[in-house]
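Look for subunit A in each of the two complexes below; its partner is subunit B in the first and subunit C in the second.
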Partner chain A sequence: MEQIAQWLAKFQSIDRRIIYLCVSIAIALPFIVTIRLPVIPTLPTQKFYEAVEKVPKGKVVLIAADFDTGTEGENGPQVQAVLEHLMRRRIPFVIIGLAIQGPQLVQNYADRLAKKYGYRYGQDYVNLGYITGGQPALERFCRSIWQMIPKDAKGTPLSEIPLMRKVRSANDIGLVAEFTGAGLLGYYIQTFWGQFKVPLAQGCTGIIGPEQFPYLATGQLSGLMVGLKGAAEYEALLNLRREGYRRMMPQSMGHITALLLIFLGNLGMWLTYRRRQIRRL
Partner chain B sequence: MFEPVRDSWLNIALIFMAIFISILVLAAIHSSPPQFKRILTVVVVFFAGLYFPVEFYIPRHNFLTPFRDSVSNLVQVLAAFTFGLGVVNLVLIHGRHVLRRTTNLPFSLAFFAGFLLMTVVGFIQRYSPQLWAKKAGSGQVVFWEGMHKLLFEGMLLPLTSTVFSLLAFFIVSAAYRAFRIRTLEAGLLMAAAIIVMLANVPVGTWLTSWLPAEGWLKWLRLENAAIWLTTQINAPTQRAILFGLWVGALGAALRIWLSLERTFAAGGR
Partner chain C sequence: MLPPISEESLKILAYWIGAVCTLGIYTILYRENRVYRTLEHFYIGLALGFGLVETVNKVLDPQWFRPMVTETSVTVVSFDKSPQLTGVALDKILKQVGDGAWKWTPLETHQIQITGIPPEWGAPNYLKIWLHLDKPVFKGQIKLTIRIHNPDTKKEASLSTNIPTDFSGWREIRLELRDFSVQGEPYRDFEKVGKYRVLGDVVAIEFQANDSLVNSGATVHLDELRHCIGYRWWWAFASVVGLMYYTVLSPRFGWMSRLSLSFLMSLSAAGYTFKAFAIEVPPHIQDSFRPIFGTDFVTAINNAIFVGVLLCVMVYFFFSVEHRHILIRGPASLGRWLLMLTFGIVFGNTVMGRFSLFISRLDFLLLQNPVEADRWTKLGMVIGLAIVLFGAAFLSVEYERRRTQRVAT
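This part shows the complex of A and B:
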């Protein structure tokens, strides 16, 4: 018994290389063995879904792609799920981004999905590209999109894009869906929500999720999708099993490994403490 | 406020003239006495900081409103300048490594190769996609567009995702070392972390899925317990932190605006 306790006590100082190996194996395992577990949508994600459902006819949705390739793992599946929902409802959308790579990434997703739903660039969706200048630039965008961005990301004048003929200011936008891994929500609350009362919904990375909940409680956010779990939940609401769901299994295993290692570390610490106490007696 | 110039050559000439004048002004400021530089900074910061609140608080369409777009343009131009500064800084640092042939030479060469390749391909793809390329047939893409796709989606995306995913390993390692239950507070934190971590993955929801979805027992389901923790415990705390944070930010902004911040107004002295 003493020998087992001695062996278990070693778990309080596991070499970091062993930890890395455990995490690698845990994350890789679901790619080899198929594991299916239920995803139950939570209230914040359901609210996001309902916000898209409530977009009035004749208005467009603004997709604010404020993320880059670093957080694509979480934000990517979120945007794809929302784009799929928009296309199912035949809602046109406009892409912008306060991050350089975001609009390009979202357009790639939109181009892929467009083939399935018969969406056409210029008619049903437009990419206005990267916006520099932060909050003042967004404020100007709200007042006059045409003055702020006279050409789309491809360099086509907005006057030649059929969809943009009916989209002139924030009053023509039915919902702003922001996807980000950074704290840029304040800019949108100060402009779209604060001055034009355009509903906002956000898809954020898991790490900044807790910071966004106060805005959901106040009603400044109509919906919130947190992390990869949020994407998987949105897919569940759409009866889909795409990237969000697929990536959930490696994340599940990663979380379990982390909890297991924390438990072993505490067990090792507790056994060492107990042995010391026994020796003193 | 200003109508854009239609003649493209005149436009280019005006851009170069603006750059030339900017360089002259910057050189003149650079060579001026420190006292003058300080006064100039204080005056510019004061008036720039005054514009937005005054324009916002005076009822709409006041005498400052017509300048709103021009000021917004100025902010955009200044923001664009920071990109230029970033590029100059990177080129200087890596150029030094290349010229001095330090141990970082391979990394600096990799930087220049990646930077130049992405810039050249990006510009050609954007402005002259047919350059030296065969006409694409149906279902094919033009060479430069394909090249851009390869660099962006084939290299940049997986590279940055790989670097970002390394966080998973470091976070698990750090959590293993840091989460030791030595006090009651640490125990409570651990309990909350277990609930939220498990609820954020399907395994957690599966573990308590046998509990009823209605009635008081539903709050024992991990996903509901996590939502309760996040919205009833975390959200008010976050709100309190945010209030404190923004009051502090307002104070800091006022100090900068009035040039009371010594590190900012006195050049660090």
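This part shows the complex of A and C:
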């Protein structure tokens, strides 16, 4: 017993590099050996799915790609799942971004999926590129897209893009789906939701997830997808097994390892504390 | 000249560059080292370079510089192709812009209508057209009409103006849209907010000669009809405000940066802070008033917990009264615990987020390898590369340690 206690006590001062190695092996394991766990969609993700289902015919979805490569690991699978849903429903979409790399990343996903669903650039989706100026720029965008952005990301005038003929202001947008790792939701609430009554849904990183839930409760958000788990849940709703689902098992393994190490560390600390107390007595 | 590279080879090259960068960055987990530092600089340079090019090419140049120094015009009719209209012919000799101009004889046909033009015009301020008259007709006029179909009212509307013909030779005519007389409702409902007026669904352009011009027997040449927004020279002042930010680098002129900063902050405070509060916060306050009685049992319990937590946390942040009395101390203490619980949830999500980023890189390393091999070979390749890079990191750390020792002795 004493030996076990001594061994467990070592977990308090374990070299961080050993922890990294353990977590890395645990996370890498499901990539090599097939391990499966069920993914059960939660209510916020279901609401996001329903918000896409409710987009009226004749309106487009605005994909706000407010993320960059730093959070692509979480936002990337989220966007891909939503794009797949939009393409299945034949809903056209327009890409913008308040982050400089976001629109290009989303267009890459869209181009890849477009081949599968026969979507054509200009007819079914458009990339208007990076928008600078934050909230004032979005307000102007809501009032007149043509005035705010006369050309798409490739430099083609909007007058030469068939899809943009019917997309002129926020009134032509049926849903704004924002994907971000930063707190930019306020800009969209103050413009699209507050002034033009356009429904908003958000895919956010796990870090900012807890801050977004109150917006869901107030109805300012119609749906919310948090982190990689949200992406996996959305894929489950679409009966898909892609990046979100594939990466959930490593996620779970990582969590189990972290929990196990926390438990062993605490157990070691408690046993050391008890040994000290016993020695004092 | 570089040898041609197949797409497959390019994919493999891109993958291995990505793999070296990813694993090289992860060598920081061992210790701060030269491999990590080199790749970190590479990443920062790449991100900065991309950001700079995007900012210049997609923001500063098209959205600020060009609108400032050009008219931002779009050609509506180039008059370069044969018109297929009676009394109008393509003239490839007497022209001003492009391949040709239309030679119009009003005596033969007093009105021409051009369809098949770009329907969406954006928000122009004026039109420009090149006109040539072989002789001046002082009482003559050409009525220019823009025909629009408004999808909101489902009715036709038009904008028209008269162009005098009291000159001869070529002249570029500028027609201010605000001077056009309006028949019907040409603008869609949502586009009438402030000055944002977009001309969309333009179906035709008409030129109509009046009797004086028709009877004069004059010949008119038409070339290059454009709609333009116009030079926005006053946007140059934005650069002055922007450049004032850089005076922060000079101790002598640093005060100027505060001017531009205060200017933008006051604009933001006056224009957006109140709006942000008015739109964002009231729904949250409203949502915090939840019924405990008169609803079903489960909702009542949920609401009671919500209201209880809200009150406890608010009591914790209520510092006007000392937290001594049990009625204050108890809820405040509970509020602190609940806050800690929330921070724990946030931290848990942060860990999840960091794991996700690591998983996405592992996904790239292990599953997106384009080399044709079985999974174990691919795994071996990645592990081999990791050993090489971590080995290099170890050697660089050792080298730096020994050098420091040498310098110390």
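Operating definition for what follows: the second predicted complex is superposed on the first by the 281 of 281 C-alpha atoms of A that agree within 3 Å, B and C clash if a C-alpha of one lies under 4 Å from a C-alpha of the other, contacts with A are read in each partner's own complex, and residues count from 1 in each chain.
As a working rule, a contact is a pair of C-beta atoms (placed from the backbone, for glycine too) under 8 Å apart; a residue touches a chain by one contact, two chains touch by 3 or more.
All values reported here derive from a predicted model rather than from experimental measurement.
Participant: Let's test your reading of the overlay: on subunit A, do subunit B and subunit C clash or fit side by side?
Facilitator: clash
Participant: Pick one for A:227: touches subunit B only (first), subunit C only (second), both, or neither.
Facilitator: Touch partners of A:227: subunit B and subunit C.
Participant: Per the contact definition in the header, classify A:108: touching subunit B only (first), subunit C only (second), both, or neither.
Facilitator: It touches subunit B, and subunit C stays clear.
Participant: Of the partners subunit B and subunit C, which touch A:20 in the superposed model: first, second, both, neither?
Facilitator: both
Participant: Once chain A of both complexes is superposed, is A:261 in touch with subunit B (first), subunit C (second), both, or neither?
Facilitator: After superposing on A, A:261 lies in contact with subunit B but is clear of subunit C.
Participant: Scan A:206 for contacts with subunit B and subunit C and give back first, second, both or neither.
Facilitator: Once the two structures are laid over each other on A, A:206 reaches both partners.
Participant: Once the structures are superposed on A, label A:275 by its partner contacts, choosing first (subunit B), second (subunit C), both or neither.
Facilitator: neither
Participant: Return first, second, both or neither, reflecting whether A:37 touches subunit B, subunit C, both chains, or no partner chain.
Facilitator: Only subunit B is touched by A:37; subunit C is not.
Participant: Which holds for A:130: it touches subunit B only (first), subunit C only (second), both, or neither?
Facilitator: Once the two structures are laid over each other on A, A:130 reaches subunit C alone.
Participant: Under the stated touch criterion, which partner chain does A:151 make contact with: subunit B (first), subunit C (second), both, or neither?
Facilitator: The second partner, subunit C, only.
Participant: Touching subunit B and also subunit C: which subunit A residues?
Facilitator: Shared contact residues on subunit A: 20, 24, 27, 70-73, 101, 132, 136, 140, 147, 155, 206, 209-211, 214, 217, 226-227, 229, 251, 254-255, 258.
Participant: Over in the complex, which subunit A residues touch subunit B? Could you list them?
Facilitator: Where subunit A meets subunit B, its residues are 14, 16, 19-20, 23-24, 27, 37-40, 42-44, 68-73, 101, 104-105, 108, 132-134, 136-137, 139-140, 147-148, 155, 206, 209-211, 213-214, 216-217, 226-227, 229, 232, 248-249, 251-252, 254-259, 261-262, 265-266, 269.
Participant: Please output the residues of subunit C touching subunit A within their complex, sorted ascending.
Facilitator: Residue list for subunit C touching subunit A: 29-30, 50-51, 54-55, 58-59, 62-63, 72, 74, 118-123, 188, 190-191, 193-194, 196, 198, 200, 271-272, 275-276, 279-280, 283-284, 286-287, 342, 345-346, 349-353, 355-363, 366-367, 375, 379.
Participant: What residues of subunit B sit close enough to touch subunit A in their complex?
Facilitator: 52, 68-69, 71-72, 75-76, 79-80, 126, 152-153, 156-157, 159-161, 163-165, 168-169, 171-173, 175-177, 179-181, 190, 194, 197-198, 200-206, 209, 223, 227, 230-231, 234-236, 238-239, 242
Participant: If you look only at subunit A, which of its residues touch subunit C in the complex?
Facilitator: Contact set of subunit A toward subunit C: 17, 20, 24, 27-28, 31-32, 70-74, 76, 100-101, 129-130, 132, 135-136, 140, 143-144, 146-147, 150-151, 153, 155, 157-160, 164-165, 168-171, 186, 189-190, 193-195, 205-207, 209-211, 214, 217-220, 226-229, 243, 246-247, 250-251, 254-255, 258.
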